[in-house]
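In what comes next, chain A is part of two complexes: it sits with chain B in the first one and with chain C in the second one.
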Partner chain A sequence: MSDTEYTSGGPQPQSDELPVGTAGPLVDPPPPAPTNAVEGSSTWSLLDRLGLAFCWFLGLLFCAIAAAIVIYLLIKGVQYLKPSMLVTPAASGFSEGESGGFSDAFIGTLILGVMSLSLALPTGVAIAVWLVEYGRPKALARVTEMTVEAIAGIPSVVFALFGTVIFSSTALGFLSRSNEGVVFGRSFFAAASMLSLEALPLIVASTREGLNAIPRHVREASYGVGKTKAATTRRILLPTCRPQIATGAMLGLGRIIGDTAIIVILLGATQNFSPVEGAPWPLDYLRGAGTTLTNFVYEASPTGNLNQPDKAYAAAVVLLLIVLLLNAGTDIIHRRARKAGTWSQ
Partner chain B sequence: MTRQNLNAPPPIRRLDPQDPTPAQTAPEHGATFVAAKRSIAAPQFSIRRMEVDKVSIHYGAKEAVKSVSLPIRQGEVLGLIGPSGCGKTTLLRSLNRLTELTAAAKLTGSIRLDDVDIRLIEPTLLRRRVTMVFQQPNPFPMSIFDNIAYVLREQGSRRMKKKVLAPQVHSALQRAGLFEEVKDNLDHPALKLSGGQQQRLCIARALAAEPEVLLLDEPCSALDPQSTAVIEDLIVKLRDDVAIVIVTHNLQQAYRIADHVAFMYLGDLVEYNSATRLFNEPAQDRTREYVSGAFG
Partner chain C sequence: MEEDFQPEYGPKWSDQRVERLLGALVLGVVALLLALIVVVFVHGWPSFSHNGLAWFGPGGNVEEELAQISQSAETGAGYIYTFHAWPLIWSTILIAGGSVVLGLIAALFISVFLVEFAPSWMRAILTPVVRFLASIPSVIYGLLGVLVLVPFIGNHLISEHQKASVAGIISLTGYSLMAAIVVLTIMIAPLMVSIFTDALNSVKPGWLEGSLALGVNRWRTIWKIGVRAARPAIVAGTVLALARAIGESVMLAMLSGSTAFAPNPIDGLIFIFEPSRPLAPTIVKSSDQLSSPPASATLFAIASFLLFSAAVFSLIGWLTRRSMNKYLAR
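After this line comes the complex of A and B, so read on.
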């Protein structure tokens, strides 16, 4: 059957391209020759193209800045970093050779990270679960939400000041050094509890995000085979949003180990641990003052009291490596979750 | 071809009024409405398991279901059809008290399971006796084995070793016709199965609780025709072991696999009849219009 059988009787246009609006053959025009062209920006308006270029530029700029910081710190820091610094406590001395390392600051950072997170993580996850899965009465949920948001906005120095008031009270004297009824109010306990407030909103926010991303029918599938809300939360919901919880914990931990105001005001920011005599281990250390890497970097920098910039770089690179390690850990959790798959919407 | 040609708008093509292949004229109302073939034989037996008695469900001021009475029998498949928003899914969800999760929903009338009012049965127990499969395949994000084991284990417990549970897990997968396909990969993540397999896993999960009634809420609407056929065969096979209620938008599907069909419209039960009667000689005008596609 030839093509002409399907055409109308009118005059046939001769060219390949039909004039718009005329009756033409009902056969498809010959397909365009295949090209490798994908939908490109060449047809966009100038403004759109400039916008796209700007986005590219900013993205690359951001990568460049991050890379510059990491590379610069690695080069500088690795040059000065000696493994012995991680095991030698700081000492008083005139030259960099005499002043020891920063083991107390390093261990102090780890202690504070663990203590604060073990306070903030369960609390934050519990608040998020209550908000998303229960959240009744509505007014109370709204107040909780606003409180968490408010905490997120409070500067850490305000927390620190508030902490001194609380932890200097005689009732809480067992959490820090106290002498004849006078409570010192500066200890790992005090700093960790206030730092956990810094991390809390981040954990709540990302856990809520994770819970909200789980479709309602998945919860109902679990209720639908006779599971209680508690069992569903424990076995389905929380394991499913493990990546988001990890992200929240990571961000929170970043805040915790990056803070200085609370360290100075609530941890005492001494160069070494100052355990409380007579208390059983490890409470003697936790009740005493101490320091962290961020504070050490500040003190060792040219503006600080110690003025030993080489060690400041070395400590900074350790701090950086801790953060990169945490990031890698979160990434592994995310990748594992992706392997398990997700629901189609 | 040059770039200019590619970017130019395609020419408008008009159809010739004297096209030699005219469209088929639609059949008149009253002709056989459904062209599907029934894949279900007459029931061998039928035992009344559930009884819906003058059930009305309100969401605030809105009445989603209006005084509906229906029997649900083992040995038969009951199809619920009707346009969107007619209350069929609400009715289905009320059968295992899932509607109670929506605080605003209020139910009057009574639903009885083996002559016991379901409001007297503890909800978690009831939901193990009347299980549900949803529109979207929703396996839990764990292994195929654990998806079934989750149902068999007590509430939040992780106790009971794999070895102990294995026979029950295998038999649930076998009943859902999935075992042969996944027996070597029981540790694989369930969400990596194909859509049809995921839905059969959900059916296996619902069967693992050894229910008396199985509720299916448009179980094939997210699936391709082949997976749909597999699941339809499965439903037909299961009807002797468990009473089945299926909500569907697909009239052909209802005709193929349901023994009795209930047509709902705006919360009312318009007509309840055997599938062949309801589709071929509907008693109500509304039913006639709906099954012939006059509205939907």
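After this line comes the complex of A and C, so read on.
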């Protein structure tokens, strides 16, 4: 073994030039450890570089589209949106100045959001818990997964048509307006129950993800101190995956608020609340027809029946702000959940 | 003392009881889906049985047919069910197919960009942008399309010569295949991007590093190794987006022109400026005729066609996504 072993190939070490007697390295120090620097695109062929340029173009294009939508709608909002519109119900009038605001639509959106979510959230969480914690028999679990996936894929118009059938049956007449045995079948109850199906798959998926992320030993520790499976789920698993459940609920709420087809078909074609006479207070409104912001935008657009584009812009801005708020809320929950850390396996 | 002890969740919420309760709920949801399928098909059956396979075929004017169907309930001379849905199906194929193809290209490049090439500041902007675009309600897309995109297409992209050339058949106003496809692409591409980036992120790093170590540049590595390994996810995402595109109703009701016209690609490029009428918007537009039995049967027949195709597509997507897990690191 001699020095020639190291110096035979490659460049000669510079050690010869060192003054004799100084304590210098015999060979070059090893090259610095690799950093995070990555290969640039300068050595690529033209086609590869064009591809990368296309990537940049598309990325910037998407950002530009999103920015354009937000800025354009905000400008229109400043132009047309008056706070009084949120407290004035729609009225029939010849010009946009006479036809009131969209308070009923705004309140309708809030009511439907609360109603559908209070249906979808417990159901979705229960399905997810059953799938992850119980899931027997296996065949039923497989079928349930497929069902949830199918519900996610079914167009909302189909839900709406299905809703008109079941809520027009006389057995469910107490959920909507009925007149001499003929059931109208369009009400907040009808729309909310069908909208909750829209939100269900999102809540199930998100909750399942949360439950699956909890390692086995957490459950076993709980069983070890004598807790039942039900108690473990209620006291430990569900509180632990609360962020994921909240994320699913937010996503579902966004879907509920953004849906239009079900509202147009199942909430009655009207721009005002039409409470059912004779029913006790909250039920008379919930059994009656109504409207939401999405329905208002649809009807007030130039292709709709009202044709009041200025007011459609104003309602769309309110809708967009709600969606932006929901997105921000989801983000905050997500970030807080990540900060809380993950389980050690 | 033993008898006094009441475990907190003992007899009341025993495991068996909870399992049975949750199982009943799950069965209820499964039964609801089955009921939905049965109800929609049964209500649509009269329309199918009266038309036979001609239901899917061309012939006649869909608008006149729909008007005849809804009027026949009032005259009392027997219900008319004659309906040939081909123009609607063709329009759905053109719009959904076109936007899925465009969306697939855009989503592939954007997800490759997000996973491999975007600097961190760009990633920090683009990720929420994609999520935001996915969460905008379709009616807002529709409104912006009607008030911004449609006038732009009508006034600047379609020449007077083109308008004159088809003046006797149809008027080109900007409500067109193009408007529908452009907006639908923006709506479904984010869905695909989120599925694609998840898949690309979970490709085994060793495979990519192996390719890089052999001297293949990063661009070719991500396309030849990463995108190839994530192929099942790409199929799944595309199919799910297709199901979403077929079911989109409100935005298309606003932008497609709602004219029962079948744009023909043989006519040259002008066909992308022609209006049409897909399946799902037809239901929304005609929903006020649900009280007439033959019209309701026709709408339910359309719905069962939509239900069938959307269910098939989302099941294909689900199956490919399930099979994908063996290709990807977890």
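The working rule: the second predicted complex is superposed on the first by the 277 of 345 C-alpha atoms of A that agree within 3 Å, B and C clash if a C-alpha of one lies under 4 Å from a C-alpha of the other, contacts with A are read in each partner's own complex, and residues count from 1 in each chain.
The criterion applied here is as follows: a residue touches a chain if its C-beta (ideal position, glycine included) is under 8 Å from a C-beta of that chain, and two chains touch if they have at least 3 such contacts.
As the structure is a prediction and not an experimental result, all values here were calculated from the model.
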*Touch check for A:T43: first (chain B), second (chain C), both, or neither?*
both
*asked:* Just to be sure I read the superposition right, which of the two partners does A:V225 touch: chain B = first, chain C = second, or both, or neither?
replied: first
*First (chain B), second (chain C), both or neither: which does A:P239 touch?*
first
*Where does A:L140 make contact in the superposed view: on chain B (first), on chain C (second), on both, or on neither?*
second
*Is A:A316 touching the first partner chain B, the second partner chain C, both, or neither of them?*
second
*Just chain B (first), just chain C (second), both, or neither: which does A:I75 touch?*
neither
*Considering only the touch criterion stated at the top, classify A:K339 as touching first (chain B), second (chain C), both, or neither.*
first
_Contacts for A:L325 in the overlay, against chain B (first) and chain C (second): which applies, first, second, both or neither?_
neither
*Please work out whether A:G59 is in contact with chain B alone, chain C alone, both, or neither, and reply first, second, both or neither.*
second
*Count the residues of chain A touched by chain B and by chain C, then name the partner with the higher count.*
C
*Common interface residues of chain A with chain B and chain C?*
43, 227-228, 230-231, 234
*If you look only at chain B, which of its residues touch chain A in the complex?*
1, 5-16, 18-20, 96, 98, 101, 123-128, 131-132, 134-138, 140-142, 150-151, 155-156, 158, 189-192, 195, 202, 205-206, 208-209, 222
_If we count contacts the way the header does, which residues on chain C are in touch with chain A in the complex?_
8-10, 13-15, 17-19, 22-23, 25-27, 29-30, 32-33, 35-36, 39-40, 43, 106, 109-110, 112-114, 117-118, 122, 125-126, 128-133, 135-140, 142-144, 146-148, 186, 189, 217-220, 240, 243-244, 246-250, 253-254, 258, 280, 283-284, 287-288, 290, 299-300, 303, 306-307, 310-311, 313-315, 317-318
*asked:* Going by the contact rule set out above, which residues of chain A touch chain B in the complex?
replied: 5-8, 17-24, 26, 29, 32-33, 35, 37, 43, 215, 217-218, 220-228, 230-231, 234-236, 239-240, 337, 339-345
*What residues of chain A sit close enough to touch chain C in their complex?*
38-39, 41, 43-44, 48, 51-52, 54-56, 58-59, 62-63, 65-66, 69, 72-73, 123, 126-127, 129-131, 134, 136, 140, 143-162, 164-166, 197, 200, 227-231, 233-234, 254, 257-261, 264-265, 269, 294, 297-298, 301-303, 309, 312-313, 316, 319-320, 323-324, 326-327, 331
